[in-house]
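I've put the structures underneath this note.
Each of the next two complexes has chain A plus one more chain, namely chain B in the first and chain C in the second.
Let's look at the complex of A and B:
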């Protein structure tokens, strides 16, 4: 493989993985930007969905990607219930309470998964898992390509909903001026419910993707909470639109460090810490709106 | 003119345990402009926040169109037809002027049905907003933001508009514009409850007025009565 091809491969690998990051992080950004809620248990919804993907494929032979609409709907409802039962009571109590609660839920769900499914790593082999397409000597994993395409479709869909629909405008209005929105009759409860539903729904789709190209284990989600936080901090807290490029930066830098640094794959897992650090220093006082 | 659209009885309220408003009684009738005047810190803004549900009353009753709305949430009160244009204007800065207005029309099925007609109406009322329709609301000048806040409130098809200090921080010529628009809105059958520090101007616009001092209503009457009142002349009109 030539130096140019190596560079190209590293770049493409980074871009291919960034779709999952964007999907996972946009949910965090939505919850923070609209509901002003920092959900440390966000990754655990990914984890649960990854197990669901593995269960659906190994027990019924259902392809996780094709099950996306069903799983999204299911987890949208789960997100709405999550909002009603656990999130809403702590919303007015302040950030510390939110962090303590969601950190607790995160640990609870991790251990629940450990009891129910055990600590072993579970994988499935969908027919296209090892299939690749090659252009100019660069390999595109078919599964990863499909996943990136699905992520793009979902994110573009989200932006279209936010920009062009009634409910999208209401979501942005509540995000920017909750009091102003209430005074023109917008039911913020409904908006919060929808925002959390979409956030958890997107997390579940990312989890299904994980089941195809990665694996499921009790801790798999927490990593995505951290990486998602890195993306969200870099994009500007709550900025759903900045999530795209921040995810690309995370995916590509992980990939390059993995390829070009000695023992790089170990270091690439830590790059998100640098992003959080850099993001916090650069954007120390900004909170964005949807 | 004869049925009260808003009826407030013995309303008390404030922030936390700090009481600001004491036993307020006031009425606004269909299609009239009533003003609430008073010095800084008299409790004018708090009164409006209590009426629109942003603050919970300590006691008393608020009736709108004959329905008791005490303790209702702000969004529900707005959907019933009482819309508050707040002091800080609270416009959606990262959305265009047009989007701000469309959000206002989300208020109720009725408002959404009439969206196009109301949009035309408010853009004619404030022609500058037509020019700025595709501009982000956060880039508007103070006066334009005030007009947008009123226009957005009108998009909800209100029966009663609560307007807080529309003249705040604006150049006199712009204030003239805003007051002219309020008069026109009233002419279209929308009642207005106006809170203002500019006493002369509000009494000219309104038919009746209440004077608030330290959270108590100390005077009420028609605008001409109030304008002739010695206390008012001395304290607010500086003659």
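Let's look at the complex of A and C:
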């Protein structure tokens, strides 16, 4: 493999993985931007969906990607229930309580998964898992390509909904000015519920994708919470639109560090920290207001 | 007046019990007692930061930093035990001030995210520098006081006593007023002349120092540790939950929480060997939703203890 091909491969791998990051992070960003709620248990919904994907495929032979609409609906409802039962009581209780509560839920779900499914890593092999397409000596994993396409479709769909529909306009209105939105008759409760539903729904789709190209284990979700946070911080907390390029930066820099640094795959797990710290310091003047 | 005395009777009884505990029990309970005291130190240290409205995940990192610095200076530089503790504390102070300088101007959520990332990265560094840290295989040190648990007990009791003294000082001095003002309204506090960043830095550094001491003690006491243990969120989470359960912003709360939770954990560990941490998640959720003032708050409702 030539140096150019290596570079191209690293770039492509980074781009292919960033779709999952964008999906996971856009849910976090939506919940934060609209509901003003930082959900540290976000990744755990991803983890649960990954187990569901593995269960669906290994028990019924259902392809996780084809099941996306069903799973999205299911997790949308779960997100709505989550909002009604756990999120709503602490929304006005301050940041400390929100953080501790969602962190508690995260620990609870991780250990529930550990008790129910054990600590072993579970994988499935869908027929196209190892299939690749090659261009100019650069390999595109078919599964990863499909996943990236699905992510793009979903994100474009989300932006269209936010921009063009009545619901989307209500969501943006509540996000920008909750009191103003209430004054013109927008039911902010319903908007919060929908936003959290979409956030959890997107997490579940990302989880389905994980089950295909990665694996399921109890701790897999928390990693995505951290990486999602890095993306969200870099995009600007609550900024749904900035998520795409921030995910690309995370995915590509992880990939390059993995390829070019000695023992790089271990170090690539630390890049999100630099993004978080860099993002926070650069945006320092802006964030101190929130 | 009668009730006022009862409080002191309870405190005196607790001190006496803590003092004679290692001499009246066997090895197993001595071991359990030592770990409970260590968690009490950690829970108090987490509470120090919480008092200034900081949700810190950095104590996980400082625990590991303390463990590794102390063990490595002891092993590789041949420092005596007390110097290795001092080296760990010194490094922690430097790191805490540097991290605090970068992050303490951020509001709550951003600070929490940054400290979480800080702890995770220390884990990566410990794993990625095998020449220095031993990598994933971890490090081993000779056992503390030749394995005499009574001495270990006295050492950790001493560290806890120091933490309690600091905590009582924070409660009775101007820090208490500044912290309450900052918790009620950071903006109003700074307008009234409370230097919020300085108070946060003080509470954050104190929190880091005691987490580091607990970590340094831990590695010498258990004689071996690996990055996934020293920098694990498990220990950090446990101490956080202990403070929440026992009652935030108090001295008795985190200590009481540590004792109660350690007993529950020990029982759970036997019944559910994997996933016993589920109880911490449950208690954290239930504590936030139903017990905002913790066990200490419940206790205050009982008239006879007032």
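The rule is simple: the second predicted complex is superposed on the first by the 285 of 290 C-alpha atoms of A that agree within 3 Å, B and C clash if a C-alpha of one lies under 4 Å from a C-alpha of the other, contacts with A are read in each partner's own complex, and residues count from 1 in each chain.
Please note the rule applied: a residue touches a chain if its C-beta (ideal position, glycine included) is under 8 Å from a C-beta of that chain, and two chains touch if they have at least 3 such contacts.
Fair warning: this is a prediction, and the values are worked out from it, not measured in the lab.
> For the combined arrangement obtained by superposing on chain A, do chain B and chain C clash, or do they fit?
Fit - chain B and chain C, as placed by superposing on chain A, sit side by side.
> Check whether A:3 is in contact with chain B, with chain C, with both or with neither, and answer first, second, both or neither.
neither
> Angle at chain A, chain B to chain C, CA centres, as a multiple of 10°?
Here the answer is 90 degrees.
> Look at A:100 in the shared chain and tell me whether it touches chain B only, chain C only, both, or neither; answer first, second, both or neither.
second
> As a test of reading the superposition: which chain, chain B or chain C, is in touch with more residues of chain A?
Of chain B and chain C, the partner in contact with more residues of chain A is C.
> Pick one for A:230: touches chain B only (first), chain C only (second), both, or neither.
second
> Touch test for A:270: chain B only (first), chain C only (second), both, or neither?
The answer is second: A:270 touches chain C but not chain B.
> Applying the document's definition of touch, where does A:173 land relative to chain B and chain C: first, second, both, or neither?
A:173: touches chain B, not chain C.
> Taking the superposed arrangement, what is the smallest distance in Å from a C-alpha atom of chain B to one of chain C?
Across the overlay, chain B reaches chain C at a minimum of 14 Å between C-alpha atoms.
> Between chain B and chain C, which residues of chain A are contacted by each of them?
290
> So in the complex, the part of chain A that touches chain B is made up of which residues?
166, 169-170, 172-173, 176-177, 179-188, 289-290
> Mind listing the chain A positions that touch chain C in their complex?
So the residues of chain A touching chain C come out as 38, 86, 89-90, 93, 95-97, 99-101, 103-112, 114-115, 118-119, 226, 229-230, 233, 237, 263, 266-267, 269-270, 272-273, 276-277, 280-281, 284, 287-288, 290.
> Please name which positions on chain C make contact with chain A in the complex.
Touching chain A from chain C are residues 50, 53, 55, 102-103, 105-110, 112-114, 116-118, 120-121, 124-125, 127-128, 237, 240-241, 244, 272, 274-278, 280-285, 287-289, 292.
> What residues of chain B sit close enough to touch chain A in their complex?
Residues 52, 54, 73-76, 78-79, 83-86, 89-95, 99, 102-104, 106-108, 111-112, 152-153, 155-156 of chain B touch chain A in their complex.
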